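The following pair of complexes shares a single chain, chain A, combined with chain B in the former and chain C in the latter.
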Partner chain A sequence: MLEPNKASRLPTTGIRRDRRKFYLILGVLVLLLPILFIYCLCVGKYPVTPGESLRILYGVATGATRDWTPLTESVVVGLRLPRILASMMVGGSLAISGATYQGIFKNPLVSPDFLGVSAGASIGAASAILLSLSATYIQLFAFCGGLVAVIATVTIPRLMRSESHIMLVLSGIIVGGLMSSIMGYIRYVADPTSQLAAITYWTMGSFSYIRMEAMLPILPVILIPLLLLLRLSWWIDILSLGEQEAKSLGANVQGTRYLAVACATLLTASSVCISGTIGWVGLVIPHFGRMLVGPSNPRLLPIAFLIGAIFLLVVDTVTRTITTAEMPISILTGLIGAPFYALLLYRQRKRLQ
Partner chain B sequence: MIYEVQDLTFSYVGSSRLILAGVFLTLQEGEILSILGPNGAGKSTLLNCMAALLKPSSGKILLAGRALATLSPREVSRIIAYVPQAHTPAFDYTVLHFTMMGRAPNIGLFAQPTAEDEEAALEVLRQLAIEHLALRSYTEISGGERQQAMIARALTQKPRALLFDEPTAHLDYGNQHRVLRMIHSLAEQGYGVVITTHNPDHALLLGGKAAILSAQGTLESGRCEEIITEERLKSVYQTSLRLLYIEELARVACLPLSLVETL
Partner chain C sequence: MQKALALLLSLVLLTTSVLPVLAANTNATPTASTVLVNGALVAFDAYNIGGNNYFKLRDLAFVLSGSVKQFGVDFDAATNSIMLVVGESYTPVGNEMTAPGETAKVAVPTASQVILAESQETDASVVIISLLDLVAYNIDGYNYFGLRSVGEALNFAVEWNEAANAISLDTSRGYGEDATLVTESPTSPDTSPREMMTVIDMLGREVEVYKDTQSVAFAWGGAGSLVFAVSGHDLISAGNLAAFGNFLRYVHPPIADIGFVGRGSVDLEAIATQKPDLYIARGTELEGIEGVTKLGIPAIALFAENEEDVIQAITLLGVALNREEQATAALAEFHAVLDRARALVADIPAEERVSAILMGSSPGRIAHGEQMQSKMIENAGGISIVAAHPELTSAAAWVDAGIEQIFAWDPDVIFLTTTASYVEELLQDPAWANLKAMQNGKVLLVPSQMDSWEFPGITTCLGVLWMVHTMYPDKLSREEFDAAVVDFYRAIFRTDVNPDLLGY
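Now for the complex of A and B:
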């Protein structure tokens, strides 16, 4: 009789344990998100009980009779709900696009900011503010600015006939430097009494001025790339091996890379449209995700989305509750993100060498 | 016939120097071809041309009877597997995940590997007796194990031929021989195998066919014992060496002369 070989059984149990661990983490995050969602609806200068906020949400959705004050409804549905949805969408989008850039450029140290997307988008927004245009135009300008920056960043290496990743990163630095000078000029000529504060808010990120109507048109521009990236995730793993290896495995390197970069860029630009530039999320959250579920993108991308969403939701709720005068959100993401990133690098120092 | 290379030339864009100057080669199933040559002679260039990773300047490569230039990367990846030099990737995928990437030729752009793909990868790891590495991180295993994982990924592609770029580089003495043994048994299982190497003795150990690429880009190929001769090696490598039949090993070995000139 054949005894089942112990050595051959080992990986299978290990694989099963590994998979269980992933689904456990996924499950915990999936549960945590709605709990935090309800909690954040309730806290603030005008506290509401969880039961009441749930009843209001249900009531507004189904059109049931209102037994609450209009003030409560406007706080929960008019102010907090769009803000909470926006912070979750932006956090998740930035995290997924960061993970994608890191995979595609096979460099765990790049972030959505490095292609100049965020800088370009904030210049677009700032120009619109400078021209005293309406909120819709501010978003449109932000979007175009982001796209122009990416196109510039991607074109420079092509002009130099180089396809190397280093050249792309350098090109990002060139475009980023140019953008920050332009931004400096805009700040310099902006009217300090009326425009400068708005511009600052845009470059430091904020969810204070979110309106549901402004968010809805951006939603498909976020959802479609998000779903595409989740479907592409395994091929991002293949591309992260480098161009030659990916090609020898039969990958359509150029096509896949462009598609993934386009999706990630759309996500970043849309995020900037909603909330202005928010630093660190796209860099730190993917690292944190890799620590939890490993580097494989089919697992990493959904986890990064959830962690990013939870992170910005919590940080935004803190910024609106901690002080009476609300501060820009990038102050907190930087204060948390930078030391956390240092900690992650310390823990991964062996692997990065 | 897996490979027929006809009058292949290659020079880099903007350079007049011919890296490959009219190269002819053939390779059949179950055959090993070792490509030797001095540093910079273009061994890797030739291998990359054969893997369709570089485009030759002129000449023709037939892969399983079809012109390589007309095949898509995906079609090529179903016939040949390319094993690059062992390297450190940016991300620490597990050996299983890494091996499973060899299923890429069968997986659609918006699809992901299934349980069946995972089983196929595990099967190859089992065959190579490195199943215990399955969940280890690719960056934390040794260079020899990494080379084996790379071979596992190549076999998961279910190719007809394998191309190895200096498979023994950066490996310790024992691992070099383990990898050579693995390559030898792959040829016995019917795969066509091409390797580039710096060590003539490895070509002699593997037997089969050998090819010597000169610094001028010309290539001489044929049966190993006919191609690897003292005169050729001396002129290609510009160094003194001997090919000796060693009774105890029952084979010809390639050995350098003493470093101090005594003879």
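Now for the complex of A and C:
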């Protein structure tokens, strides 16, 4: 009698402990994010005290009388605020879309970069720059480029009637190679004095110039897929049980899969629209999240979003404050991301086997 | 899906393929310059289109008839082609030398087939030498041809005397031949080895170059303006004209057809085929210089990163291309403009000096203190803010100081690189509206769209003068500045320009 009792109790306490741990981590992150947000709003090269930054933010929100210079307000509200919001949005979006791709394709190597989304979006943007189109079109093209790339990557294994992970990896290499060639061609024909610099700006991720007006139209394209993914997360778990089991549990396997991939792609493409390509976040942060709260997507996705947002916010603030000249953000994400990924793989080596 | 991919690919390829420049009707004004033929004044019915003069072939044949460069004109209605017969005396048809037009006309670009031929002394038959590619416009039913391209084809000298506002045709000399350098027997084939001389290029290399270099090639976009300032278009046989190409094509349309030897880095096979007398390399093109030298083509290296470089490069080109006089003249103009700029601002007291920065290809990216663009601000009497920040200086050009840093400086004037694609966004951004420069209307693109004055080159001096005009308008009015621009282009490039044309 003792044996079955023990057996049934142990997992239950395990689940409880997991849940407690999840809520604890969630709580810490949810608290940390606004603290960092305010801290980052208070630092920068323009001389403005933290107290004044906060008063300006409060004053602008409530419409209180202004006793600060208009230029100071411009710096806090017009430069720092959009930049901070953008880095949080992009970091969170890349992380949650990376987690989604990894869950859907059941492949720990997959990331937004890997599926060619970022490269495709850059090509879209670069084509629009070549055509001398306006900023709105550049974003639209970036978006379509990202979609085309991910569709190509996902379609190649299907054309070869293969569901294997290796095939998806190879497909990613094929599409990635093609994309870099097209990008190389665009750079080759671009006018070196004008267009090339703008194209480079897109491919080298940067938050150095974020305008609130440019970000607002993209916001719904980020928020809607974000909420959809959080709702879908339970079904992504079900899919990971395998097609037969998922169907027997009432899941619309194909529908869920397509919807989740579409949402993740929208998030990545929107991120590229805001900041250009930023590597490593979409790959490493989901793994870090899994290390903290386990592989269950309903827990992983919100955690990944929060960690991604915090990570990129901190990294961007470091790039704009640590040196006299601003450092390209991809240098830091790579410097932190690559060794960290190695460490994660080392710790997860048993699970991967 | 595959369709979508194909569509994207084709879109990408389509957008990147070169679009032909569509010829458009333009305005032709009666030529205001006097025309001298072998020293004698002749009134031609000629037009000035975009700075170049266009003449009727029959008028030229009529006037040159009897000279050593005489030629006959035959029109073949069947093939709709014009044949110019070298050496033949011209038979007038009666409509030559009509009175010069007095009003501006509409000129329509035409594609006339013009054949250059030679009459045989033995049986009076005609042998075709070549098909000419002459720039031509139709005005009121008559075809007018670019004088320089006709001179080049028939090998008579065409010169522009700025002081006298006169065009002179000289049949005693060949096209492009300098008056002081008349060769004794231009027709006899030269079999003796060509004379060489040693020059020291800007990498400090000793290079053997031809004493009479006839053709130069370059893959570096920055070389075009320097070579052109020293030798005009007639030595450029192949090159990457880059941004400056728009201007060169305007000054001398046939330049669009010059050969290609690479973009940025040299295409060795292409240059081996074309065999120019001299390859002009950027100082950083070390592998290219080695490759070209191995092909037996002399290669000299230039730098043009700052004012001193430009002066040195032009002096070197003057020696290497045997155009020292032109190089000296070009530099004299260059220094004259810079001296004028410095003199204009010399007596401005320190407290009235305007602070400025120059922003590059993206917002927040600026020219650092040691960079030429910042020195231009200083030369123009401005305070280069970055000069006080040596920590931003690096070996490379441009530094990402960050937008917030620019807000912290809040300069009086913000210059933007000519090609700044973000200017519209910036001007509409409410966050920027509170900057001093924005409120003073002093966030300005450096002119000009056709020939950027903040890129290192001979026209950099105009950039400095323009900065004087924008920072201290009471020292140099817009009219005075415009006049200086026209004078400079006339002196260096022998062409008339205006603000609309250059784009400023």
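Convention: the second predicted complex is superposed on the first by the 316 of 353 C-alpha atoms of A that agree within 3 Å, B and C clash if a C-alpha of one lies under 4 Å from a C-alpha of the other, contacts with A are read in each partner's own complex, and residues count from 1 in each chain.
The rule we apply is simple: a residue touches a chain if its C-beta (ideal position, glycine included) is under 8 Å from a C-beta of that chain, and two chains touch if they have at least 3 such contacts.
Keep in mind it's a predicted model, so treat the numbers as computed, not measured.
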Scan A:Gly250 for contacts with chain B and chain C and give back first, second, both or neither.
first
Return the chain, chain B or chain C, that is in touch with more residues of chain A.
C
Give one of first, second, both or neither to describe whether A:Trp235 is in contact with chain B, with chain C, with both, or with none.
first
Considering only the touch criterion stated at the top, classify A:Val284 as touching first (chain B), second (chain C), both, or neither.
neither
Contacts for A:Leu41 in the overlay, against chain B (first) and chain C (second): which applies, first, second, both or neither?
neither
One more residue to check, A:Leu266. First (chain B), second (chain C), both or neither?
neither
After the superposition on A, what does A:Ile123 contact: first (chain B), second (chain C), both or neither?
second
If we overlay the two complexes on their shared chain A, which of chain B and chain C does A:Leu79 touch? Say first, second, both or neither.
second
Hey, what residues of chain A end up touching chain B and chain C alike?
none
Going by the contact rule at the top, pick out the chain B residues touching chain A in the complex.
48, 51-53, 72-78, 81-82, 84, 89-94, 96-97, 101-102, 104-105, 107, 109-113, 118, 122, 125-126, 131-132, 134-135, 139-140, 157
The answer for chain A against chain C in the complex is residues 44-47, 69-71, 73-75, 77-80, 123, 127, 129-131, 135, 144-145, 148, 151-152, 155, 182, 185-186, 188-189, 191-195, 197-198, 201, 206, 208-209, 211-214, 320, 324-328
Listed in rising order, the residues of chain C that touch chain A in the complex are 1-2, 4-5, 8-9, 11-12, 15-16, 221, 242-243, 263-264, 360-364, 389, 391-392, 394, 399-405, 407-408, 410, 418-419, 421-422, 425, 428-435, 452, 455
Residues of chain A touching chain B in the complex:
7-8, 10-12, 14-15, 18, 103, 106-108, 228, 231-235, 237-238, 240-242, 244-245, 247-253, 256, 290, 294-296, 298, 351
